[in-house]
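For reference, the structure discussed in these notes is given below.
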Amino acid sequence: MTDRPDHTDDVPVAGNEATPVPFNPVGAAQSQRLIEAPRSQLRDVWDQFKTHKGALFGAGFFVFILLAVLLGPLLWPLEPTFIDIRARNSGPSLTHPFGTDQLGRDILARMIAGGRTSLAVGLTAMALALFLGTLIGVLSGYFRRLDGILMRLTDLFLALPLLPLLLVMMLLFRDSLRAAIGPETGIFLLVVLGIGVTSWMPTARIVRGDVLALKEREFVLAARSIGTPARRMITRHILPNVLSPVMVSATLGIANAIITESALSFLGLGFPSDYPTWGSLLRDGTDYLQSYPERVIFPGAAISLTVLAVNYMGDGLRDALDPRIRGR
Amino acid sequence: MKLKTVLIGATALAAIAPMAHAQETGERGRNGQLNIFYWQAPSTLNPYLSGGTKEVEAASLVLEPLVRFSETGELVPWLVDEIPTVENGGVSDDLTSITWTLSEGVTWSDGTPLTAEDAVFTWQYCTDPEGGCAQASYFDGVENVEAVDDRTIKVTFSGPKPFPYTAFVGSESPIIQKAQFQDCLGAKAPECTEANFNPIGTGPYVVDEFRPNDVISYSANENFREEGKPAFASVNFKGGGDAAAAARAVLETGEYDYAWNLQLAPEILTNMEAAGLGTVVAAYGTSVERIEVNQTDPDPSLGDARSTTEHPHPFLTDPRVVQALSKAIDRQLLVDIGYGAAGQPTCNILPAPEIYASTANDDCLTYDPEGAKALLEEAGWTDTDGDGIRDKDGRKLSVLYQTSTNAVRQDVQAIIKQEWEDIGVETELRNIDGSVFFGGDPSSPDTFQKFYADLEMYTNNFSGVDPESYMASWKCSEIPGPDSQWQGQNIPRFCSEEYDALVDKLSQTVELEQRGEIVKQLNDMLVQGGALIPLIHRGNPAAHAKTLGGVKMSDWDSELWNIKDWYRIQ
Amino acid sequence: MPQNAPVLDVRDLTTIFHTRTGEVHAVNGVSFDLRRGELLGVVGESGSGKSVTMMSLIGLLPTPPAEIRHGTVTFEGRDLLRMDDAGLRRIRGDRIGFVFQDPMTSLNPVFPVGHQIAEPLRKHMRLNRRQARDRAVELLELVGIPDAARRLGDYPHQFSGGMRQRVMIAIALACDPDVLIADEPTTALDVTIQAQILELVKDLREKLGMAIVWITHDLGVIAGIADRVMVMYGGQIVEHAAVREMFARPRHPYTRALLKTVPSVRGRREPRLTVIEGQPPILTAAPDACPFRDRCAYRFDACDRRNPPRFDVGPGHDAACFWDFDADAPRGRVAAHA
Amino acid sequence: MLDAGTGREPLVRVRDLKMHFPIHSGLLRRRTGAVKAVDGVTFDISQGETLGLVGESGCGKSTCGRAILRLYDITGGSVTIAGRDVAHAGPNELRRMRPTMQMVFQDPQASLNPRMTVARIIAEPLDEHTRLSRAEKTARVHDLMDRVGLNRAFANRYPHEFSGGQRQRIGIARALALNPRFIVCDEPIAALDVSIQAQVVNLLEELQDSLGLTYLFISHDLSMVRHIADRVAVMYLGKIAELSPRDDLYADPLHPYTRALLSAVPEPDPEAAAASSRTILTGDVPSPANPPKGCNFCTRCPSVMDICRRIDPDFREVAPGRHVACHLYDTTQDGRPTAAPIPTRQGETP
Amino acid sequence: MLTFALRRILISIPTLLVISLAIFLLLELAPGDPMSQVPLTVPDEVKQRMREALGMGEPIPVRYGKWLLQFFWVEPLNLIDHWFGTTFAAGEQRILSWQTRSPVMEIVAQRMPQTLWVVGMSYVVGVLIALPIGIYSAYRQYSVFDQAGTFVSMIGYSVPPFFSGVLVIVIFSIQLQWFPSVYDTTHVVDSWDSFVVQLRQMIMPVMVLALQTTAQISRFMRASMLDNLGQDYVRTARAKGMSEAVVVLRHVLRNSMIPVVTVIALGVPGIFGGAIITEQVFKVNGIGQLLITAIQGADLPMVQTLTFIFAVLIVGFNLLADILYGLLDPRIRYD
């Protein structure tokens, strides 16, 4: 999906040829200056990104959430697993701003801990999916011979169900992982692997399409005529140019992973249930929806707003990374 | 007997709905449709092919045993007129046979008469070695079943059987129709889909449509032996969803009349009940939520020998440690948080029926962390390095505590963990998906039989009312291990010659009082010997609409055992 | 040369674009007229404003980002710039036809060409399906597509580039327009195909007699077919003359340079090409000086002070330059206003 | 020999070059045909010479240029550059040959990696083929930028910040980085504005003079080719129709296609335009996947004969330095005189 | 086109075989025991006998072979028997579910109607809502409507169904009592009234699911419209004097629908796969619920068959999407 605002790239500079880009012609100013510092593309991207209000809000909120879950424990040192049975089921108050749950655990603390897990899952699973997707997409797009088999592999993975796959991975690796790195990290790795391994396919397809198109671009041909070998061709010319679809998949991937993790938690297949994640908080909360609606609303809103924020970020990023728009 | 139970039911109902006009009697089918919600849906209606409670209960509307158990655990003659005993000659003096006489005029729903041949066939069906019968244990020790005449069934045992009421007793051992199932013996049993999904029974309802794991439609059995029953013309038996949804459908939206197995936090149920549409009820049987204490060492470094009798547990074999752990648990709190009306604190592994319930361990009912600490000190566990965890000989008092995945169990785990950490016991929690934990896959490390943990928590009970085989499951020979493919009932790997001898004595004892005494001793040996920490005597919570009368929940039989007596309060 | 009343009269047209970096002045006060039956050539490089001018006057620019700031466009006695959308739609495709540069993308890929030709016929001429079909066949034959009736059902991708451009011309001519605006119609085509199209247009002009505005950057094309020529630079008309006059006596430095930079396949071969240094400007404000001054060999102080108006330099010939090439000196103050 | 009698050893020698792209179709994706993009092209280019390669779009001229540089694995024929066999070199050998031969591309926007700075783009060949230090590379990049008329202050800018003409200068600088001897200019001015085209062409000419470069100048613009090339080859449908010294070709085209092509170029002179009578070709170029039998120009040729539909004419030298593939110049055909006089003017070489 | 389709079908055969093997092995390795739902009161040896009766003891290759035979030979024969009243498959062992001991395919056939009613209907509704939103959002890009549409579709992306589902139940079933919270799968539509009942019970699940579909498809539609609105042929259509409605709804829409139709086709297998969480929340016992109960009950034949059917559908609809693309876009000619 490529959305783009037409207020810039539709400017019909007469003639409809490839539009030459304005650039201060041989002006007097340029000769005296020393070599310019590289004008960072990041800056251009940011300049464009800034104009997308939704994206700006999204990025702001996402950073806020990230800071909250990272620094939250410093500001709110209550243990998320500490049971204060006397204070159970209390509503929002000064001691417990978000109230407590049926065991008297502080919901704010649990939200912070849960957010850390959910975001960590989201970010790592996304990174894994992106890595796999980009790798497979680039390989199959760049090397014709690998294309058929890798795309069949993609089909195969598209047809695999996530839940049984996760169960298998739980069985095969849980004990060894638990012994090696502890129960929570072990399951974390499994959930991340499970989500990552089952969600790289769209990225792979998009990247493959882009690589196929890039391969036809003249600058790749130019590099070939220089004699650039395949490895550097990929790292120097292909990868940087598939960055934008990958970045966009990244934001969608975070959202997708957060939702998937919470769905797994909802189905009881994710983390141990005493280990808070937003998804499991939400699941536990749904039973109390009528008596204590805030228990559903806090995690539900956290998931939804984060995903919303990330989606808006993706939207803005898509615009910002589109060279057709950013060019001028 | 029947009259009496009816009267009790009526008074109970009168208390609930004094204003309502009860429609206990009247024409068959007068009350329209009854809606029942089992959030786990039955997958078959043949209780012999699936031992699951939901299947057994769904089948109990159709298939009936000779005798049922009432809500108090008493035997209620169902398809017979009287219960055979030694006194009335129904049970032979040497306790090796029992003779049942069918009531007169009992017919199958297709109109054909119920005969002793059906019972004989039922026995053959379930004992066929290739059939994979789930209820085969009901026929343990049964040497022969013969039809003496059309109405007389004689069951012969291979040895003396002090409690002979197993075969054809209770909802798990009903009689199936020979005519329908005669081609379904042995390996063919699973292929008889039509019969398995639409069994012909003697019960108050017949199956109209069965959709596996989804919904069952029943209608009143026109050939039912009792006049004017059942009161409902049809039953819609819906499955799917979750406990909260089921409770909501009965208590809040009133879409359903009865919902089963509402294991929800008590306050949720209380809040839902406040809507005024229905009532939460619980039936108590012998289910006890307990922590089993591993008497062997689950250390992963032991490899294949982990959790086997080769390596005794380093500290849990000391009963004082286990006692301390038990004392440090606030059982009442667990009830308040997780069970509400569907649970009572208990210190016994066998809390019911009353004649078997010991009182010797009741001091654990009071939460006593100080006492627990003292016990640990006494056992030599002190916190020498000041990290809050007790240790002894360089070993930390640290336990891995596992259970199946279930919201209430995780809450209980969390509370207990905190309470134990208060007395200086480090606790690591772990939960395993139920299908793995209770699945017997010998290759899985996570089954409850393998017990690769120090402690594990789950509920167990025994079916029927006789605890003999239940208590026998803690004999040394029942210890699971690699040799037995990890099969065996003695999960804590408790082994005591004294205990084994006492179990043998029980199997020789006929007299009920004596049996009770022996069982209490066995119970005390288990609890005091540190094999188990009983926590909660669990009831089965259910909810029914206030307009539904006649519900008498029994945990000894199907919850729906007396559905023929249910009616609508208008 | 036809000297009758103008069919299209454009006065002081100014079009700007709003972009993120600010306004871009694409067309600055352009005035010209188009007379019945003549072919007016418009020459300029990318960004000179030639297409934008033509698109502005018939409301084909998306607004925003474009904004037609002022001007009048008189067509059949009415001002097109003050007309509502429905009115413009009645004129577009009916009285004024368009041919665009890239025939590959200008035709809708998913409709058969017959359908695309029939569309304006059915809308403007109220023909029924059958009549529209017959007329479409006629039109295809007119533009020289062999086997026209059979090809009606073909899709654009089944035609070659030249054939596609013929289809575009057929669409533009469907309703017998008074004015045909051809926006670089041969730029994307090969020379041999371009020659075919040019022949066709000459031919059609004779037959149908509509007025044509022909936009191109190729002086050669203009020389072959145009009656009058306007040269555009920086959103303005810098020179305007009859075609022979223009090639014989160019009176603007830009026109003169342009004529020299293009080598010829015939005639003398210059050892070195004449070069116009620098880049064409992008105007972010209304010009207050000559837009060509940075690249101009004749630049002097007046060029920096004021944007030169179009001075008359001969009969029907004007040029926006302060330098008088006839006198080879700066223009006197006499003809300050054109 | 073909190299117009200069006597010098040709730098580039192309013999019967074929570049066929297979067409697969059917259930089993069998190869059922081929697009004969380049089908038997033969020519030489001498040191310091510019060979113009003209033709309409789709005639295979760009493919030819790329095949010569081994950007494709060619189907047949041979290519020798500076005495080394390019067509059959192994990967490592080929890589070592790369510095000798470079390319300038058509679309200055597409041929520059938008994510690299100008300095990195120009330095890429240096990274690949030299072991210069960072400072040396920077110096070399600046030197190249000066040479092509780019302000070295902009070394750290990205391509999109430049205009089309400047981008083409970047492409030229990159091609020059390794001091190549031979550059294929693949339509280097096609995407540029008229006033910019001249700047780039002049730059290419200056560089040729100062560095002694040899060009294969591919273009569809006959007038620019006339300006820059010493000899011109006209391609039609994968084959060379005519190859002649520039002045001969423009003054006296031999092949009917060349004549049509030249006559189709519009003259920027209204007087001349009105006076001239043009040869307008009818119809379109046939598909290279399915070329006509016989001479591939026979479907559009104004002077078509029977033989043209049957026999593909040889590409022959009909006058010194003048090569043409046309039956009109057959002298060996029995009983039939040649239809056109053999030009009398001698080919001259620059 | 025909060769293309045939060729793709030929390629998909080995693909599907590999998929089936992968699924089979994966699930064989998976933990879980069909006996786990049998109460603990049933002794281990009885459970062991029950397992043997299910055929769990046989080696994996044998079971895979049997399963393949059953899936590709016996079950199609049964289908033929069912349709034509023949008895080709008489006596052949069908794929039996471990939980219900009945043929898997029969249960699937039983579940299909409710899944299609609810999930299918939600897809249709979602698509029908999405298309106009996408079209209008693109046409009035950055307008208030577009921003609102973007927001709503983002909500659709962001709110998991177990949240929105429970929320609508509480609002519409419990508080307002408008709709039932439990879906009645046995309900038969035979009159207007029963149709209304059916509508009432479908509204909430369809609403929740359609939100997600709408979100996705409308974004696609919008992007595709935007791509096409900038094309030259749009200007041509306007230059012909076509009205905006004709320009947008005929010229642009026709082109924009090409990628969108294939996206819609690719989403169809999802309908047959059910919507696990939504079905669970609303007690619509469809395919999704069947799959999750089968997984929980370790009913391997059921899970294997369901996932494989799903894989077949995905592969099939991929092919269909490609063919549709070719049919809709005259420029694409396979072969």
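By letter and in written order, the chains are A, B, C, D and E; residue numbering begins at 1 in each of them.
Everything that follows uses one rule, which is that a residue touches a chain if its C-beta (ideal position, glycine included) is under 8 Å from a C-beta of that chain, and two chains touch if they have at least 3 such contacts.
By chain, UniProt protein names: A, E = Peptide/nickel/opine uptake family ABC transporter, permease protein; B = Oligopeptide-binding protein AppA; C = Oligopeptide ABC transporter ATP-binding protein OppD; D = Oligopeptide ABC transporter.
Not measured: the values here are computed from a predicted model.
Student: Minimal path length between subunit A and subunit E through chains that touch?
Tutor: Steps on the shortest route: 1.
Student: Taking contact as defined at the start, I'd like the list of chains shared as neighbours by subunit D and subunit E.
Tutor: A, C
Student: Could you compare the number of C-beta pairs in contact for A-D with that for B-E and name the larger?
Tutor: It is B-E, judged by the count of C-beta pairs in contact.
Student: Indicate the whole-number Å distance between the mean C-alpha point of subunit B and the mean C-alpha point of subunit C.
Tutor: Those two chain centres are 91 Å apart.
Student: I'd like the Å distance between the centres of subunit A and subunit B, where a centre is the mean of that chain's Cα atoms.
Tutor: Going by mean C-alpha positions, subunit A sits 48 Å from subunit B.
Student: Which integer distance in Å separates the CA centroid of subunit C from that of subunit D?
Tutor: Those two chain centres are 33 Å apart.
Student: Please work out the Cα centroid separation of subunit B and subunit D, and write it as a whole number of Å.
Tutor: 89
Student: Where does subunit B touch two or more other chains at once, residue-wise?
Tutor: 433, 436, 444, 446
Student: Which positions in subunit E are in touch with at least two other chains?
Tutor: In subunit E, residues 31-32, 174, 232 touch at least two other chains, as defined above.
Student: Could you list the positions in subunit D whose residues touch two or more of the other chains?
Tutor: 163, 165, 193 - these are the residues of subunit D that touch more than one other chain.
Student: How about subunit C: which of its residues touch subunit E in the complex?
Tutor: Spelled out, the residues of subunit C in touch with subunit E are 58, 60, 85, 88-94, 97-98, 100, 102, 105-111, 119-120, 123-124, 155, 157, 168, 171-172, 174.
Student: For subunit D, which residues count as touching subunit C in their complex?
Tutor: Residues in contact with subunit C: 56-57, 163, 165, 193-199, 201-202, 205, 220, 222-224, 226-227, 247, 250, 260-274, 278, 280-282, 284-285.
Student: Give the list of subunit A residues in touch with subunit E in this complex.
Tutor: Residues 1-6, 9-10, 16, 54, 152, 155-156, 158-161, 163-165, 167-168, 170-172, 255, 259, 262-263, 266-267, 279, 282-283, 286, 289-290, 296, 300, 303-308, 311-312, 315 of subunit A touch subunit E in their complex.
Student: Contact residues on subunit E for subunit B in the complex?
Tutor: Listed in rising order, the residues are 31-54, 96-97, 99-103, 106-107, 110-111, 169, 173-174, 177, 180-182, 184-186, 279-281, 283-285, 289-290, 293, 296-298.
Student: For subunit C, which residues are in contact with subunit D within the complex?
Tutor: Checking each residue of subunit C against subunit D gives 45-46, 160, 162-163, 190-196, 198-199, 217-224, 243-244, 247, 257-259, 261-266, 269-270, 272-277, 279-280.
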